[in-house]
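Residue numbering begins at 1 within each chain, and the chains themselves are lettered A, B, C and D in the order written.
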Amino acid sequence: MLEEVVSIEFNREIGKDTFLMGFRSPLLASCANPGQFLMIHSGRETRDPLLRRPFSIHGIQDKNTLMILYKIVGKGTSLLSALKEGDAISLIGPLGNGFTFPRPTERTLLVAGGMGIAPLFFLAQALKKAHKHEITMFLGFPTSQEVVMTDQLKDLNVDLSLTTEDGSLGMKGLVSDLLDQHLSQELTKKPVIYACGPTPMLKKIAQKAITCNLTCYVCLEVYMACGLGICQGCAVKAANSKGKSYHSVCQDGPVFSAETIDWEVM
Amino acid sequence: MAVLPDLSVDIGGLRIKNPVIAASGTFGYGDELTPFYDPSLLGAIIVKGLSLRPMPGNPPPRTAETPCGLLNAIGLANIGIEAFIEEKLPSLAKIKTPLIANIYGHTIREYAQMAKRTATVDRIAAVEINISCPNVEAGGMAFGTDPDTAAMVTDQVVKNTTKPVIVKLTPNVTDITTIAGAVESAGAQAISVTNTFLGMAVDVATRRPKLANIIGGLSGPAIKPMALYLVHKVVEAVQIPVIGLGGIMDYQDALEFLLVGARAIQVGTANLINPKTPIEIINGLTDFCVREEIGNINQIIGDLRTKGEGHEKKGNRKDT
Amino acid sequence: MAVLPDLSVDIGGLRIKNPVIAASGTFGYGDELTPFYDPSLLGAIIVKGLSLRPMPGNPPPRTAETPCGLLNAIGLANIGIEAFIEEKLPSLAKIKTPLIANIYGHTIREYAQMAKRTATVDRIAAVEINISCPNVEAGGMAFGTDPDTAAMVTDQVVKNTTKPVIVKLTPNVTDITTIAGAVESAGAQAISVTNTFLGMAVDVATRRPKLANIIGGLSGPAIKPMALYLVHKVVEAVQIPVIGLGGIMDYQDALEFLLVGARAIQVGTANLINPKTPIEIINGLTDFCVREEIGNINQIIGDLRTKGEGHEKKGNRKDT
Amino acid sequence: MLEEVVSIEFNREIGKDTFLMGFRSPLLASCANPGQFLMIHSGRETRDPLLRRPFSIHGIQDKNTLMILYKIVGKGTSLLSALKEGDAISLIGPLGNGFTFPRPTERTLLVAGGMGIAPLFFLAQALKKAHKHEITMFLGFPTSQEVVMTDQLKDLNVDLSLTTEDGSLGMKGLVSDLLDQHLSQELTKKPVIYACGPTPMLKKIAQKAITCNLTCYVCLEVYMACGLGICQGCAVKAANSKGKSYHSVCQDGPVFSAETIDWEVM
């Protein structure tokens, strides 16, 4: 965990309101794992926005360049998108616990909704590198204009299925529908599921996985003030009320085993 | 050439090496920010608010950002004073700066019990009484809005511990000086001003409050002018030292509080954004003193100049 | 296709065509911003605070910027109610929207006298009582921090005018609901929440307060979460309509206040920065209603959803 | 008086921390007078800084380009200096009352301290254009690195004298010293003085002018919240306490005849 001011190498729109940003940080690049995240602050002179914003590490390029993939949803991401090559940003990372890798023989199923693709792409890359895993991936986006990273995933030899909510590309519907369909088939080998995306999607997937008794890891996105484990702001209800009642997403997560979360209240 | 200035100050019998203190609830139990710097460099550390028994905290979402501010309704999530003393304190041995326990009780009796528990713990240098938390049902702020109750809590804590007692006030009152006067009379050795301001925010897309608790406490730069005003008022009203806090982000902010008369300052929300803030403030104050040829930080404290009209004195910086 | 939504609301007997009102002290006497748009488009205009006799205001500097906030200590500089009625009002004839007089007295008697003066002036549609100005020596906020005094002022104004009476409260109190309840009982037809928060700022280079008056009132986005909280509390406590204000900069901010139950909103500091703010808010509210298929703005007012835990309902926008 | 969002044509550092910014605005350019000012806001997504900042109109180029000359002194000016060609800013103007021009035969003396040069350069330009006035100008800066616009003034055929506080260029001292010296000579013709700069400098000059019974116009810089005449924040004490006690700088000024201000309290 370190704080570093880095210089932006690129920051380009690769889909509607969706940006890929890269910055040089050999130190962070050398220790980043899929599922971990960064807390980023763009403003230098201004106190508005006040807090850093959390972003998953999306990958590493040429050993020294770290990437994030993000979508404009508000003030912070909008300001981020206006930054140009050479501009400085401050980041803290790598934070949180990354994904637990599957055993080399396990069937691996990645399910990404929207920007959930950010950490899962990094995971796919890492898995392919480590063990040449066979990976099935379900991707969901609101509409075709927001679809990103499919070429890169195909280059990685990932078995890809796509949904869009409006049906403008791939199957029409939600990515969780794709998973339901898939799991309703007779499966020879139980998959390990890795999911990241909006909370309602994760809830559906996690509950399905628990019902089917499948190992499932979710990468949660909640509102974070510090990302450092000091404010206790990022609580999620723990499933097992005998132990502690809340997990800290920034410290105990953001990756959780599905059954450790109380999905009822999510 | 330049001799380093003496930054040490005395807060109600507790001498600290510099006036920069980590505020409760924004610094964990004391060692969480060690990856960024050695916490021993701080004047003191006030640990996360402790209650008699562990508290799980409020349901999420617990935080929301507002313009230049942070709303929180953590609800005093903590492991309880017993676990803190038994399990946490030993691992903080390597931190060479005073640790101050911030305590919160549901009843006056609980405050007294916790005070007693701290009395025999060497590592706890002082007690800060939190009678100002807006995020818990019973007690909390309620104790801090009435002078008599505030005095009763103070009295019980003072009687039950051997440590210097600091009372942390709420800003959510009509006249903070009456509360300050009451806790001074009840034996408080210092006063912290201020805890968070009551606030709320609504997500217009969902039409729901941004905090599950609906209301929360506002902190950060947004509250700085109000906190500064309250410190100014309390400094004028009491004899005991006042510790100023609320929105301090850099050494200039810290100077504002020192100039109105705060003996020391606390850094809260800024820790969440830039963990190194307290160190940057210590360095900034040191450089400022060197630049202005100030040998002792106490020369700045209370040196607000209010005579004369207008801003004609601008640029007239040196007089030490 | 889309029928325009009905934005009109009723505030204590005064019907206004939309819930967007210009706040006192930030809109001059009514026609100063005419170069930017036709003020007739506004729901209503509350003119600069008026006193019985002209007041010169405080010495400068009178304003200072703080993080997302503005401190002011104008000191109610105004030409006096008589000159306003005689010299200013006639030139405002072309403005086709209700004008509300904001009145401030040094004594209860002065409030009564001013109320009486408004009674016969057709062009004044309502009276807003300012018992919450932090920037004047006598009276001002002092009338607004005590329920009994607040009630007395209200009572005298209600008795002496024929117009709807709105009481504008100060946020600088322990429990705003007791003040709100008192002025409601005394006959107020509506309540404005809130005036500015007490604050100060120091110029560290000169070691002087940034305001010659030392203290001032804080407004702007910084105070929005606190103002929203207060509106929420007052709406729960009284039956009469509440007008919300404090830091409203855009239509989303306005929606936050309407959702917690404000019947109308006022735009203050935003006028100083972007004079067209009120118009942008009216347009924003109109578009929002069209988008969400809301025929009448009253369907939004008070529609805050507080049931259920967490933010799981996100995106669940439509229910009209 | 209008609000306009304009696109920056250039924004370059022409002296230490001193920037010259130009933006296209045919409308404003057509009605701007020397001494008038603009209220400028740079931030789009952020509320910090909150208020607009006032800047004198520094001149007009090619009929359609308006210029300001400014120095970085705080948050607002620092953010302004980071803007690049093509970036948008919002401005309101032209505001306030400009300078009353001298009669064609009057000796004209301009006295500028630091950024006080901004409106006075525009005035010099306009006077030369209108009547080919003979203009004497005294310029003061803290140090040689901050000296700007002298070449352009020479091109205008202005009779120029320079001071720096540290003596690194021109005479060592304050620009008001230069004026004192000048006025201590036997003058054949009484000059009309136009002064702009820091308040302590204006105070000295105004008091001197009043003593010497000279016509003197000062352009005041005070803290302004709105610049539009609605907040009453920009008060300065009026000299004649029989009339109103305070002037509004943004409405009644920023140019005042020296004797209308109560300099004692400035």
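Just so we're on the same page, a residue touches a chain if its C-beta (ideal position, glycine included) is under 8 Å from a C-beta of that chain, and two chains touch if they have at least 3 such contacts.
Predicted model only: the values in this text are computed from it and were never measured.
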Centroid-based (C-alpha) most distant chain relative to chain B: D
Distance between chain centroids, defined by C-alpha means - chain A, chain C (Å): 45
Gap in Å, rounded to a whole number, between the CA centres of chain D and chain A: 54
Computed distance of Cα centres, chain D from chain C, in Å: 36
Junction residues of chain D, two or more chains touched: 47-49, 223, 265
Junction residues of chain C - those touching two or more other chains: 59-61, 67-69, 220-221, 309-311, 314-315
Chain contact graph, described as a line, ring, star, complete graph or other shape: complete
Chain A residues within the chain D interface of the complex: 43, 45-49, 75, 78-79, 82
Residue ranges of chain B in contact with chain C within the complex: 59-61, 66-69, 71, 145, 172-175, 197-209, 212, 214-215, 218, 220-226, 228-229, 232, 247, 252, 255-256, 259-260, 303-306, 309-311, 313-317
Residue ranges of chain A touching chain C (in the complex, touch as defined): 47-48, 198-200, 203, 223, 265-266
Residues of chain D touching chain C in the complex: 1-3, 41, 47-52, 90, 92, 222-226, 228-237, 244-246, 265
Interface residues, chain B side, partner chain D - complex: 67-68, 221, 309-312, 314-315
